[in-house]
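Look for chain A in each of the two complexes below; its partner is chain B in the first and chain C in the second.
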Partner chain A sequence: MNGTKLILTRGQATGLNRPLALTPGQDLKGYVASLLGRAVLFLITCTSVLAVLLIFFFVCREALPFLSKISLSEFLINTEWYPEADNARFGALALIAGSVYVTIAALVFSVPVGILSAVFLSDIVSFRIRAFVKPVIELLAAIPSVAYGFFAVLVLAPWMQNKFGFSTGTNALNASLILAVMALPTIVSVAEDSISALGPELREASYSLGATRFETIFRVVIPAAHSGIIAAIILGMMRAVGETMVVWMASGNAAQIPRPWWDISQSVRTITATIAGEMGETPKETPHYWALFALGVLLLILTFSLNVVSEFFLSRAKRALGKQ
Partner chain B sequence: MQNNKSGVLESVSRRRKNKGKLNLIMDRQKQSKSESLNNKDTAECACSIVEAEDFSFYYGSTMGVKNITMEVFPCSVTAIIGPSGCGKSTFLRAINRINDLIPNTRIEGTLLVNGHDIYAKKTNLVNLRQQVGMVFQKPNPFPKSIFDNIAYGPRLQGTTKGSKLQQIVEESLKAAALWEEVKDDLRKSALALSGGQQQRLCIARALATRPSVLLMDEPCSALDPIATGKIEDLIEQLKSDYTIVIVTHNMQQAARVSERTAFFCLGELIEYDFTPKIFRNPGKKQTEDYITGRFG
Partner chain C sequence: MKQVILFVAVVILTASGAGLAEPLQLEGSTTVGPIADAFAEYFKSIYPELDITVKKTGSGDGAAALVDGRCDIANMSRFMKEKEFKQAVDKGIFPVAHVVAMDGVCVVVHPSNPVKELTTTQVREIYMGKITNWSQVGGADMPIVVISRDTSSGTYETFHNLVMAKKDMAPAVEYVNSNPQAHARVKTTTGAIGYVGLGFVDRNVRALKIDDVEPTKRTIAGGTYPVARPLYMFTNGYPKLGSLTHKFCTFYLTEKGQELVETKGFVPLTNY
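Take a look at the complex of A and B:
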């Protein structure tokens, strides 16, 4: 310190000599770089937004002629789906119901299991076990859905038929069980991330007031992470709604609403499976062809709105954490 | 055990009685040890309520504190001072075993609270933490309303009646000098409070469980001088009934509020004595250097 100045502090007080205004006159290089950077980012963003818009546009364009042939209310309310009959009927309600059935049933299985696993991983097991188990659970997401489909048809279906005496092994229950397993990695992973992101402070506060682990988890941890948990559920739900191959193989593909309505041991058919199954053998520019696109629009609207809702909850989760 | 008290004052008299009993039991074994630090003011509580014997705490292979031997006496304020990273928080957090949440930690020696070895296998952590409350270094309110934050502890203890909770919340907020600022909207989210207000909320929350020992880890580091003054007044008020252990970087604060001061350095207890002695006539060179600012 005595006499010799540190390199770090030499000339600092008078050293304010780099331009502070980002104009072409003062700093051409910086100006061009920032402009270019923004332009490139803008273009890239545009491309992905454009792709989404184009898909939407294309699907809607193919679906529009259908609306001029068949009324929207018939499409949404009628349960008869006989696209190839002489007197063709395009009631999609049974298909919508099929999608809703397997999705909700899948969530009934996967949400409690998923959230409890997430809490278990974040708050109960040791760090080493968690570091091992979480990647394994996430690996479930890497199994191709055809493999799940095979399992459903070859293992689960005969087992259900023999064990419970269902009339068919490929049914709504079968499909939703498989979907539940497929949604689990998403739910566990996203929920665990948001629960762990809370950090130790809230837990310490809770324990220091004499809470047990159970009380801490259910009164502090889960409520504090609820936005992230809801987002996890919705992401898992989107996985289930959009899944095609597994429901095509496991649901039995009968376009009917089960009777009585709660009997999920009956076969159903989903929107996705219908599109995938019928698109290949339907001639272009026929009412059937357009009807399939109308189903596509329905599906898009459904997943888009789910996506928006999950974004809302995820951003709320982030904001809640930011405020701490 | 403290649920049925209706007010701070009542709880005071009750606790005094408890301490009297406690004295009788523990006097015999503790008398010899506490002689060196016997204080006329706190003669009625002459035995220690927290006692560390050769206590060491390790984070994995990193040492947090080493070979701490000290006693904390009831109904008094004990300050812990020392340079950053010397293990003040580690020791404080060991007293209510909140460090348990950190993986891979290990202790050596014993730490007695009210004569019970709290690191023994059969320790009731819920009871320990309800009676040894804590205010953390960083404010950590729950993302709930102000009311629910403070009612959290009492609710865990089984108090569910609205009027009772209301009363506890009001008293605790008043004690922590926050009542005037928040009384109009107790339903507001605690996260909408300023940092200093959050810290006072955390103090109120800790008081609401009516602990006997209150551990405070730099409770005033986020507060302005006015709020700091209020907290110091609060400590002054509380010390006749509570046992307070306070970590602080503020030497004047330690001198103002505490009866005894412990000086930690590099994980070890360098000196522990009455506060006036530590500040006027420290026994060790290291202590003197730190207090006079010649540390390092």
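Take a look at the complex of A and C:
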């Protein structure tokens, strides 16, 4: 380098001062191609939005005739679900209760385990082990639900009967245990992301004030990441509410509310399982058919509101991080 | 052996020659549907150009379709009602029944259960929730876990008509969505009672005698076992001999046809 130095400005070196796009007069072909590209990409993006809207539209449309036939209060309060009987009764309360039972019980199992694993992965374990464990946990999400279902029926159900003396092994407890395992990857993954996104400053500040690791984790880290953790729980909950195959196989599908109410060793039936189990052979344009769509609307409203709430908490978590 | 059957079937089907091009429409029962499907699949495997459609809409729809001339064969899991017959005859259609198979449903329990037989009434009361403990029917003091097929299955329909007399099952009844799953639940649950097609009974579950009759191929085909019903294909008059319709609704008489009936969990009509 003994000659004159060629000095380039930053813009020249990276070619940034080249015009990004030529005017239509300069490059008509490029202009048209870019417009077309935009239009195609816009349409592709629209399909998923359109799909959501169409699903809403069609499910509601098929459910509407039902509301004109059977009163909404009977649908929501009556517990007798006999859609095929001569005097058909469409009381969905037992089904709604079934969905609530398995979802809440699944959360009771999966939330503590999920959050503690997330904390362990983000704050305690060495990076090498974490790099191995997290993908393995996420692998749980890749197992098809019918495989979980077979495990529930063939392994878990007999085991519960022999171990705890339950008269039936396919019950609310069985379904919620399996759902808990299925919700774990979502909960762990989202919670771990939000906890490790907090950055070291917060933890260092806490340590410098003399807090122990236990205090730092439970008094500083978890409260600071609470928005992300709540979002993780709600996403896990949506997984549990919407799951069909596993509950259809593991819950026993008895359309009853357990008596006494806390006894989750009894069979229950969820909304999703009812739709999946009965839709196939139900003749169109019958009250039964409409009733199944009414159940679908109920489910849509439920998951939609859960989704909105989780979006709210996720955006709050992002904003909180942005401020730091 | 398979090849011989195939060869015979080919010869039989080839003989029908001329009538093969026209499409064959089947409509009706969801129970008979699988048999018709299996037959259609076999026919098509030999003659790919055949156009056979099987619609599974329900026995009532099948009857209506035959009356309207919308189908060649109406699959039905029950006999035609008087009203349907009258409508048909008024339109110049003369329904002829072909019984293609028997549908027998076995009530099964865990092999360790000392109960060996029940009456139809007892089974009905168990499913209605009036009998809830095995001790009430001469068994051990053990709650009964009642397992049913899902309400959209043909097996449920048979059971609901013949045993339940169309009465509602208790809310505590559990539902499973296939014969193998019903079998698996009864096999692993000591207090369970369930029902499956005869083809699914093995030594892991015990089929009960109902009203003192053991469910076997002979008692089901012979009509002495109470939870059994014939499955029909109805045609307009007896089909023209050698036509595709004729071949189709007499296919159950062939060895292959009987084998297909049996793989679908039904009892072929034989007397050997």
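Just so we're on the same page, the second predicted complex is superposed on the first by the 279 of 324 C-alpha atoms of A that agree within 3 Å, B and C clash if a C-alpha of one lies under 4 Å from a C-alpha of the other, contacts with A are read in each partner's own complex, and residues count from 1 in each chain.
The rule is short, and it goes like this: a residue touches a chain if its C-beta (ideal position, glycine included) is under 8 Å from a C-beta of that chain, and two chains touch if they have at least 3 such contacts.
Given the structure is predicted, the values throughout are model-derived calculations rather than measurements.
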{"item": "First, second, both or neither for A:V309, with chain B first and chain C second", "value": "neither"}
{"item": "Partner chain(s) touched by A:G169 [first = chain B, second = chain C, both, neither]", "value": "second"}
{"item": "Touching partner for A:A255 - first (chain B), second (chain C), both, neither", "value": "second"}
{"item": "Partner, of chain C and chain B, that touches more residues belonging to chain A", "value": "C"}
{"item": "First, second, both or neither for A:E201, with chain B first and chain C second", "value": "first"}
{"item": "Residues of chain B defined as touching chain A within the complex", "value": "96, 98, 101-103, 125-127, 129-130, 133-134, 136, 138, 140-144, 152-153, 156-157, 191-192, 202, 205-206, 209"}
{"item": "Of chain C, residues touching chain A in the complex", "value": "30, 57-58, 61, 142-143, 145, 150-153, 166, 168, 171-177, 181, 184-185, 188-192"}
{"item": "Contact set on chain A toward chain C in their complex", "value": "79-86, 94, 153-154, 157-158, 161, 167-170, 248-249, 252-256, 266-267, 269, 277-278, 280-283"}
{"item": "Interfacial residue positions of chain A with respect to chain B in the complex", "value": "126-127, 200-212, 215, 219-220, 223-224, 320, 323-324"}
